[in-house]
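Listed next: structures, encoded as structure tokens.
In the two complexes that follow, chain A is the common piece, with chain B as its partner first and chain C second.
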Partner chain A sequence: MHEIYNLVTGPLAWLAWGIFIVGSIYRLAIMYILAKKKDAPSLAYMSWGFSLRSIINWLIPFNALGWRRNPLMTVATFAFHICLVVAPIFLLAHVALWDQFFGITYPVLDEKVTDIMTMIVVAACLIFAARRIFQKEVRYVSGFQDWLILVIAVLPFATGLLAYYQLGNYQVMIVLHILSGEIMLAAIPFTRLSHMLFSVFTRSYMGSEFGGVRRVKDW
Partner chain B sequence: MKKIALVALLALSLLLPAFLAMAQDDLKEIKSEAFGKLQRPAVAFDHNAHNEKAQIEDCLVCHHSGENGVQDKTTGSEGTPCSECHKVKPTDKKATSLMRAYHKQCIACHTEKKKGPLACGECHVRKK
Partner chain C sequence: MGIKDRLIEDVGLREGVKRLTEDKIEQVVQTVLKGETGARLAAYSEICMRCGLCSEACHFYLSHDGDPSYSPVGKVQQTMAVLLKKKGRVSPDFIYGMAQIAYTECNLCRRCVHFCPVGIDTGYIMSTVRRICHKLGVTPQYIQDTAHSHSATFNQMWVKEDEWTDSLQWQEDEAREEFPGLRIPLDKEGADIYYSVIAPEPKFRTQLIYQAAAIMNAAGADWTMPSEPGWDNSDMCMFTGDFEMMGRLKRKHFESAQKLKVKRIVMGECGHAFRSVYDMGNRWVAWKMYPVPVIHSIEFFWELMKQGKIKLAKKYPGPVTVHDPCNVVRGRGHHEKLRELVRFLVDGPIIETASNREHNICCTAGGGVINCGPPFKNVRLDGSKAKAEELRATGVKTIVAPCHNCHGGLEDTVHRYKLDMHIKFLGDIIYECMEKPS
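Up next is the complex of A and B:
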């Protein structure tokens, strides 16, 4: 246990964070260069006003028409993304580790709250999976990459729950939990999880096109 | 009357270390009242069984003292609750909090000796 625990909390953790940070910068830079080379005119049309208008409108649940058309997905998506980001950052056990390894400490959420948030993440993943299986038009455009990121995203939370409740072999579960979290971090720049980096730009692009070029509010 | 009280006090103070040692014998769990309501289950810890297994005879291995954020490993602190020095929420930013002190005390030694639990749930075991 000592060897493997030290491996996943030491070198592998540094590696995962390194790949995540350096990889993200690399992907953003490469994408910018590519956009400049292949789609320079659209870059010229990018506007702060139309970009922010679109981003803000899409950040409000049930505001954009896209949200209103799919109420279940709207609720699931908002709950999923908020919990996915907030729960791990403000989780007591994670902050205890920041404290143990680096002496860094900040306020945490009550474990009952993060417990429910984690369950919401797992439940939302089930909804997303069901949607990819049962909704015809979604199934048609679902490929390996879509399923891959769903599995990568759900694993740290599912194993986290099992480790938290100490169900199954705890030592195996905690190592799997840490490992799956590291896989998720490292996968962000190089899988469809990269929408974490790019979504703000794609939304800006669409907002600018519909606002600045087509002069419509249909962002 | 005063004399008797004095003698009694003296006798009591001589007995004090014995009381403390007895208290350690009974220690089965590390649980500081200072934390108030606990978020995680208290850590099961059998003082004597642990030290026998870990072959610790010197109290100073764990029961250090210190001042102004500097650990003193030459003077013992047996009988003094950890929370006496390590506050749950220290006002001094450089001070080691009670939780960090406990975690460091146990995990650092376990890591060094390559023995004993490291991960959260290995110590904070849920009662089933």
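Up next is the complex of A and C:
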């Protein structure tokens, strides 16, 4: 068990971060080159002001028409994304690892808070899954990729909770937790999780078109 | 659920697919995907989260009791998603259904943009599907006929050159009875305004030319209309996917204005022509912006009003509701000017539909859908139920709609859903209410 633990916290962790960082840069670079080559009629209209205007307005819950018409999804989506990013970064146990391996320390969130945030992530995933099963317009367009990324996203959090509450074999749980976190990182550039990389650009583009060419808001 | 259960016979689509083989389809799809699309389509197809949030946006979905195969993402799922997955190797039958979806079940109205958090433009995806259909020779017969007319005559309705000038002179003659001294100046070099229309106006809505002339005359405008091709600003080729022809039309239109050295172009109350000029056609010919300033009638009338050049003898009896045409409102932000103008012209309030301004629901005729003709009329009207309900809820008798396509579509909608409303152009109202020589 100890060897496996060393493996997942050592080489595999490096590998996962490596794939995530190099893969992301690679995907962004290739996409940029493609855009330069093929999308001149779109790039020509990109504007910082309208991009930011669009991003900011879409980041306000219940601001865009789409958010207003789908209240449950608005709450679930915002809660999910905030917790998904914040909880792992400011979790006591994670910060302790940064300290242990690299001597880096920074403030942590109270464990009770990160605990609740983790539960929120899992709960939001359950909502997403329920929509895929029960809501016909979502079921109609759901495919393997969509389920895959949902599972990839929920696993690190679910196993994290189980480990924290020492449900099941702690050793096994913690290894699974680390491993699933690494899978998630490595999967970002190469699955639909890549919306993390690209959506800022598609949002900016839409904002620029609507602001600059069409002179209306895009939210 | 899906397009297979609702195929409609259309001779253009049927004859088109008869000529296809899987090899040919694959080759054409690849040409378009590799040659014409890029990061935009790649990103859209990769990061669409299949969340379905856009469903509520689409009037086709709303009007079909939430049938998921009509949602924006549902339509992408049945068309572009399959092409990408199978790398273009699909059957001719598939192309038939795909063409029917792209040409008749999406108005390219872009309302779904207001619903998609990651910023996907389903209208663009559907346009690209149409582009592929065009290159495959699979287009609905009626709209293809207008595209043919564009290529042969540079206008949409097979109007011959002498018929065009005859119509203008005829309208001038008629109008001179009511407004002595009125002229429709042809080919006047250096005029302030080059007035362009769509071909259905000389063909069967000549009163619109009459009214425009009356308004120009009353405003004392220095204006002209061209006698040669280029006068038709409409662009069905943009909607069939014939982008080469779209580019030629744009050039012709602007060159005709440049030849006359006019200061700017004023377009009649047309939505799609405006889209073609500022959004799609200009890009195809690699103009970031159009070479001669262009404004839409809404803006032009608004200017006249601000300058005190519209003198009213009476106001139009309200209340009214305003229909916001996608291509000039979601497409150009003219909603407030439109309302200011309507408040000036109408005695009584504007009763808004539930979805208004840039969030408007499309008339269901736009994007070339009405131009696909009789075979698809019932489907189109089924799709306009959501719009009809919003209109009915206003309880008013008059809809102001500054767009030809919307007009045609709303007339059918009013009829089908027994709305007991009538539809007015801005020009109709201005003409009716303006001061006239007694």
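The definition used in the following text is that the second predicted complex is superposed on the first by the 217 of 219 C-alpha atoms of A that agree within 3 Å, B and C clash if a C-alpha of one lies under 4 Å from a C-alpha of the other, contacts with A are read in each partner's own complex, and residues count from 1 in each chain.
The rule we apply is simple: a residue touches a chain if its C-beta (ideal position, glycine included) is under 8 Å from a C-beta of that chain, and two chains touch if they have at least 3 such contacts.
None of these values were measured; they are calculated from a predicted model.
S.K.: Specify the outcome, clash or fit, for chain B and chain C once both structures are aligned onto chain A.
M.R.: In the arrangement built by aligning on chain A, the partners chain C and chain B fit side by side.
S.K.: Count the residues of chain A touched by chain B and by chain C, then name the partner with the higher count.
M.R.: C
S.K.: Roughly how many degrees, to the nearest 10, is the angle at chain A when you join its Cα centre to the Cα centres of chain B and chain C?
M.R.: The angle comes out at 170 degrees.
S.K.: With the two complexes superposed on chain A, say which partner A:V141 touches: chain B (first), chain C (second), both, or neither.
M.R.: In the superposition, A:V141 contacts chain C only.
S.K.: Check the residue A:F20 against both partner chains and state whether it touches chain B (first), chain C (second), both, or neither.
M.R.: neither
S.K.: Quick one: classify A:Y170 as touching chain B (first), chain C (second), both or neither.
M.R.: first
S.K.: Output check: A:A64 vs chain B and chain C. Expected answer is one of first, second, both, neither. What do you get?
M.R.: In the superposition, A:A64 touches chain C alone.
S.K.: Does the superposition put A:H2 against chain B (first), chain C (second), both, or neither?
M.R.: So A:H2 only meets chain B here.
S.K.: Between chain B and chain C, once the two complexes are placed on the common chain, what is the minimum CA to CA distance in Å?
M.R.: Shortest inter-chain C-alpha distance (chain B to chain C): 36 Å.
S.K.: Over in the complex, which chain A residues touch chain B? Could you list them?
M.R.: Touch residues, chain A against chain B: 1-2, 5-6, 92-93, 96, 99-100, 103, 105, 110-111, 163-166, 170-171, 174.
S.K.: Give the list of chain A residues in touch with chain C in this complex.
M.R.: 31-32, 34-35, 37-39, 41-42, 44-45, 54, 58, 64-67, 69-70, 73, 77, 131, 135-143, 146, 192, 194-195, 198-199, 201-207, 209-210, 213-219
S.K.: Under the stated contact criterion, what part of chain C meets chain A in this complex?
M.R.: Against chain A, the touching part of chain C is residues 1, 36-40, 42-44, 46-47, 49-57, 61, 66, 68-69, 71, 73-74, 77, 113-121, 278-279, 283-284, 286, 288, 329-333, 335, 358-359.
S.K.: Applying the document's contact rule, which stretches of chain B touch chain A when the two form their complex?
M.R.: Touch list, chain B to chain A: 39-40, 97, 99-100, 103-104, 107, 111, 114-115, 118-122, 125-126, 128.
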